[in-house]
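These are the structures, in structure tokens.
Two complexes come next, and they have one chain in common, subunit A, joined by subunit B in the first and subunit C in the second.
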Partner chain A sequence: MDITLKAEHDPMTTDTTAIRLHEETNSRRLRFRGKGEPLALIGALIVLISIFSILNPRFATLVNLQNILSQASLPLIIGVGATFVILIGSIDLSVEGVMGAAGVVFVLLSANSRGGHDLGIWAWVAAIAIGIALGAANGLILTRIKLPSFIVTFGMWFIGLGIATILYGTDALPSLTNDALTTWVSHIAFLFPNVVWLAAALLIVATLVLRFTIFGRATLAIGNNEEIARSNGMPVNKYKVVIFIIAGGMSALAGILAAMQLGAVSNNVGSGYLFITIPAVVIGGTALSGGKGGMLQTALGVLLLTVLNNGLVLAGVSPDYQSALSGAILVAAIVAAAWSQRGRLRIAK
Partner chain B sequence: MSLPTKLHSLKVAVALAAAASLLLAGCSSTAGVQAAAKPLSAKDLVFVCSVINTTNPYFAANIQGCQVLGKKLGIPVEIVDSQGSSQVEISKIQAILAKGKKAVVFVNTVASSDAPTIVNAVKAAGGFVTIWWNKPDNLKPQDVGNNFVAFQKHSGIDSGKCTTKALSTAIGEKGGIIALPGVQDSTTSQTRVAGLKEELTSFPNVKLLDVRPSNWDPQVAYKNSKDLIAKYGDQIKGVWTADDGMQIGAMQAFKEAGMLDKVKFVSDGLYPPTIAAMKANEGNGAIVGETFHRGYMASAIGLYTAYLAATGAIDPSKLPAEKRDSMFKISCVTPSNLDEFLKWDNNVEGWVDQLIKTGPWKTEPVPLVAGGPEIIKPEFK
Partner chain C sequence: MTSTIIATEPAVDITKQSRARLAHRAGKFWRAGGPAVIFVAMFLVVAILTPAFLGGGGFTIVASSAAPILLVALGQALVLNIGSIDLSNASITLLGAILLALTLGPLGAVSPLVVLLMVTLFGAVNGVIVAFAQVPSFALTLGTFGIFQAAALVVSGATTVYVSQNAGLITPLYTSAVAGIPLTFVLGVVAAALAWFMLRFTRVGQGMTAIGKNESGAIFSAVRTRKLKIVAYSLSGFMAGLAGITIIAQAGSASSTGLGSDLLLPGIAAAIFGGTSISGGVTNPLNVIFGALTVALVPIATAVIGIAAQAQNLVYGIIIILIVALTLTRSRNAIIK
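For the complex of A and B:
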């Protein structure tokens, strides 16, 4: 009798069948999650495309497809950098400031309506360098002073914006005078605009880096459990700085492209991009807590948001209702796509 | 002394102290009113010029107007860059007021709702303020007193009517047009759209295909134009935008679609890139109508009106209603009369000299034409 009682209370000999069954169920869910969520998002996207095509036949035309992909390109380029950052469990809010600084530097150093020097390729180099410098500052302050990325990058947003404002001055809006620059972004090559191919190329490279390189695996490991990654001798701080440099560089590239697309620049050329990009990354399935997600999911998230906004305009929804309707459809699409993955590990806090 | 006696003495002391402080407060507030009513010497003044941001060409011109007037009258100028934020605007103005010099203030308000706070702060500091463009309808200068010298603007309805007439005529009085207003709840944008709708009643064959607010943002206007091109294609014969910044974005989208030389554009502001495009006959004369009013004229008129009140040259309480709530002339510009208006930009100092000579209400090309408030008819909302 005593022996039986002891066995019942000894943790080493307790019957663990129920726990194992639960873990197996979770494990099946986790295995499914890898493919299930993107598939569900694709499903939501197809439903949206079908509805919008019925509401307006012009929605499903090549011209509009070019339009949608072109509009999705800049958020996608920023999203590639943002995905790396979010995968390590951090956040980069400096996107719009970096875009402004890089865009203004690029236009002022290229042939523009204010005159000045045309540095050609060096205008690109200088603008990207600004982005890399701001990204590096983000990463170094984050890792050396150990401040939360939310605070550091929020400050860097306004530093970037401040640099853009100072450089812009109070003279007239500077516009690019070289037609080769202003038409490059939207020039159609093999059915789609150049900017779409550029975004697709960056997406593919980032996907391969994330999946097949030590750097990519380290990114996921840091996001999963930074302490374990650190105790295994991984140079976590170095990786973090590199990731913020990538994010800064991507934002700078997007700033340059936005200025080229418009043919002109102001310090707020990046206005509105942050709040397309971060939701798109998260909607795609990359967890804000880090460690889970990927580049293709981000691409799906960006597409979903772009199709939604474009479709509502083409469907003739009044601007008065567009905001609310867009939010409601988005929530519905996300609930539908994430229904099967609402496991205990993903509970939002 | 017993405890109840002590408490009684304490109560009396507190009551006396409260009465004394009330009396002092009353004295000091009376002194403030007296000081405000007394004309101020120019050497005690500072010009405060508050703009929404410093990069938009219109606001940059606001600053220019303040600086030139300050130079002419020998008064230092402080610029407030609100960075698009009401909070930044109000706190910076309050900080300048706290410095001590009597402020003569021009404010291009970020939002209508900022006006009461700013007006009250300036009044409390004994300064004088003129607000441009945005204020709540129920905030009237006469109700506040002499320190809120005037509210001034150009008519949005006239602007919308002017550009719509040019657009409708240019497309042969028939066909589809699209409209890109600014921020949806901006009074300026709403009045310009009302003018557009009102003028369209004179052109029954011109159809307003779509109205997409584009937040005064060239990027948003670019994106909305791309969507509307996909939706309506060559049904679009004309594009109306509420300001030239958005027109830049819209024109770029139509240029990319290979439609720039088939579509006509009108807008408000006559910004430098617009002038350049009109002079270069871009897109086979794509821009067919604009309006003329200038940021430097608005700020100089506003500051000069407040300056006259501060120095006692005018008594706001004795001014007629249209000089307290004022609308100044807006001119319609087409490619054929464009050159007539460019002369002003080349001689801002000369224009400010003229303003000082003729006063704030009679200076061409922006004399006072009517009193406010500007009412939108319900059918054109």
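For the complex of A and C:
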């Protein structure tokens, strides 16, 4: 009654009330928006873990936890690089090619069944350098020749595979002969395998870089609005090249570790990793349009997919169904994330 | 003194203008004919280096391996044209081929129609989710890619499914030819011509291009964007189904790892080689024909010329980047992601 009276006398008052109420609702929504998604993911993870523990008592054991974490390590390492790239709104499809090139270089330069040189630590350096070079090529072609990252990295995927295939040649499968290398990945130090600690350390460093350094904040700013980042004087192109170099280096490291895990290498050592990593990053809540997301979300996404795959195997589900379940979860996750933001004028590509 | 300056300035302007006009015209010609020029040039290089290639039915080989790529690429080009992407279409092709191999025996001539209806519905599901849930198409179709892939694996029982009877209904598509060009490729060319006609002369096609160029603008101009997105994805599914039919025509069998299991990336590459922009609004289905021919030619050409098989991937990757660098139209201040 009071309000309607006011409205008759002074329409402005009711207008501002409506706006104020609207803003309050908005700010309340905003406060929870950042936390809602990770909480939902953790909830989903807990539900999955409980169900799988009931289905198979072997699921909730230390040995299986070690298994799950070491399965998650390589996608996580690649995911750290991929998250940086996706945060600036680009995409890196070259993961599998870079892994192949780095893996082959690493094995051929270490003590292997084909003979040749054993460069020791320099094999690591050379393999990572290949990844960095391919990543730098991605970044430079994106920023100088201005080709979309989708196409550049798509081409670089085949270039990496090509380098791997040429170096691999036609001889027999080269396997690592140094046992110290082949057992390092799965060697258990303080409860968990080495590779898990390595992935965790990289995750922590990347989280800190993204949160507390100028480079990290610039990454988010570029993804949020590149034009504004540029007009504020950020060296956007330089940051983009650095980000692709990081992604290339991470893929190369993953290639080395994959070769060490297998104890041997072929050019297809990275096969399948791209289509684990990108869904994991997206399920974690990092937006493909850039500017929104983070490292810990990616870690949650990787964990969710790994727990799902591992649990399904232990529950006796045929592996044939696995890609369908991962796919269905990806679809459900993105639909749930986008549902509240639907609008007639909203544009989603 | 001053008069000379006044006299020269407009003269400079005119040469500048005519040069700009010339550059514009050259650009226009390149956009219209670039993909064809690139394919013909590559084909001629191969033919000159290895004359036996032409005598040995070189074009027939290229055309028959280009047919499924072309059909998948046409669907992809229609989806790219609205500014989205369809990563699931190649897995729909495979699922369609497997369903066709399973049903051709019992259902006979009805089977291709049933399969085409099903794959169109699969595409429409993608379209409905993209249009109404407003999710990024890259992530969505990556998810449905996994679902269709698993479906193909489960439906086929993870083995090769052979066509039991009535194979004669489909195989003539591959075995008979018009002027040395297999019918499967002719099917692709007809589909490309129809797609071109649709984009150029119908309201549906113009609306799709409008979505790709400026979606907000399209919405405000009362273009029924959601309906058109569903149509674009349905057509992508339909084209993928046609590609599945060409696979059965060629192989007489289908499996989740056999012929056609790696069509996704060649399909995208062919659409892009054909001058399709991945940000939307620019595509010419007739050029996609040459894009698909180029994609099919690269591995055959490297083998024919005598480049080691190991170098094929490397050459392929470099060519992708080079061709796009040559054919991409860029505006100076555009933000490239």
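For the reader, a short list of remarks on this structure follows.
Going forward, the second predicted complex is superposed on the first by the 292 of 349 C-alpha atoms of A that agree within 3 Å, B and C clash if a C-alpha of one lies under 4 Å from a C-alpha of the other, contacts with A are read in each partner's own complex, and residues count from 1 in each chain.
By definition in this document, contacts are C-beta pairs under 8 Å (C-beta built on N, C-alpha and C of every residue); 3 or more make two chains touch, one makes a residue touch a chain.
Predicted model, so just to flag it, every value in this text is computed and none were measured.
Once chain A of one complex is fitted onto chain A of the other, the partner contacts of A:V331 are limited to subunit C, with no touch recorded for subunit B. After superposition on the shared chain, subunit A has more residues touched by C, the comparison being subunit B against subunit C.
After overlaying the two complexes on the shared chain, residue contacts for A:A258 are found with subunit B alone; subunit C is out of touch. Using the contact criterion defined above for the overlaid structures, shared-chain residue A:R144 touches neither subunit B nor subunit C, since it reaches no partner. Of the two partner chains placed around the shared chain by superposition, neither subunit B nor subunit C is touched by A:R211.
Of the two partner chains placed around the shared chain by superposition, subunit B and subunit C are both touched by A:T165. Once the two complexes are laid over each other on the shared chain, residue contacts for A:N56 go to subunit B alone; subunit C is not touched.
Of the two partner chains placed by the overlay, only subunit B lies in contact with A:L173; subunit C stays clear of it. Residues common to the contacts of subunit A with subunit B and with subunit C across the two structures: 165, 168, 170, 320. For subunit A in complex with subunit B, the touching residues are 56, 58-59, 61, 63-64, 67, 70-71, 113, 165, 168, 170-173, 175, 182-183, 186, 258, 261-264, 266-269, 271-272, 309-310, 313-314, 316, 319-320. Looking at the complex, you find that subunit B touches subunit A at residues 54-57, 60, 63-64, 184, 210-213, 217-220, 222-224, 226-231, 233, 245, 248-249, 252, 256, 271-273, 276. Interface residues of subunit A facing subunit C in the complex, by the touch rule stated above, are 88-91, 97, 141-143, 145-152, 154-163, 165-166, 168-170, 226-227, 275, 278-279, 282, 287-290, 320-331, 334-335, 337-339, 341-349.
The part of subunit C that touches subunit A in the complex is made up of residues 83-84, 129-130, 132-140, 142-147, 149-151, 153-154, 158, 215-216, 219, 265, 268-269, 272, 278-280, 308, 310-318, 320-321, 324-325, 328, 330, 334-337.
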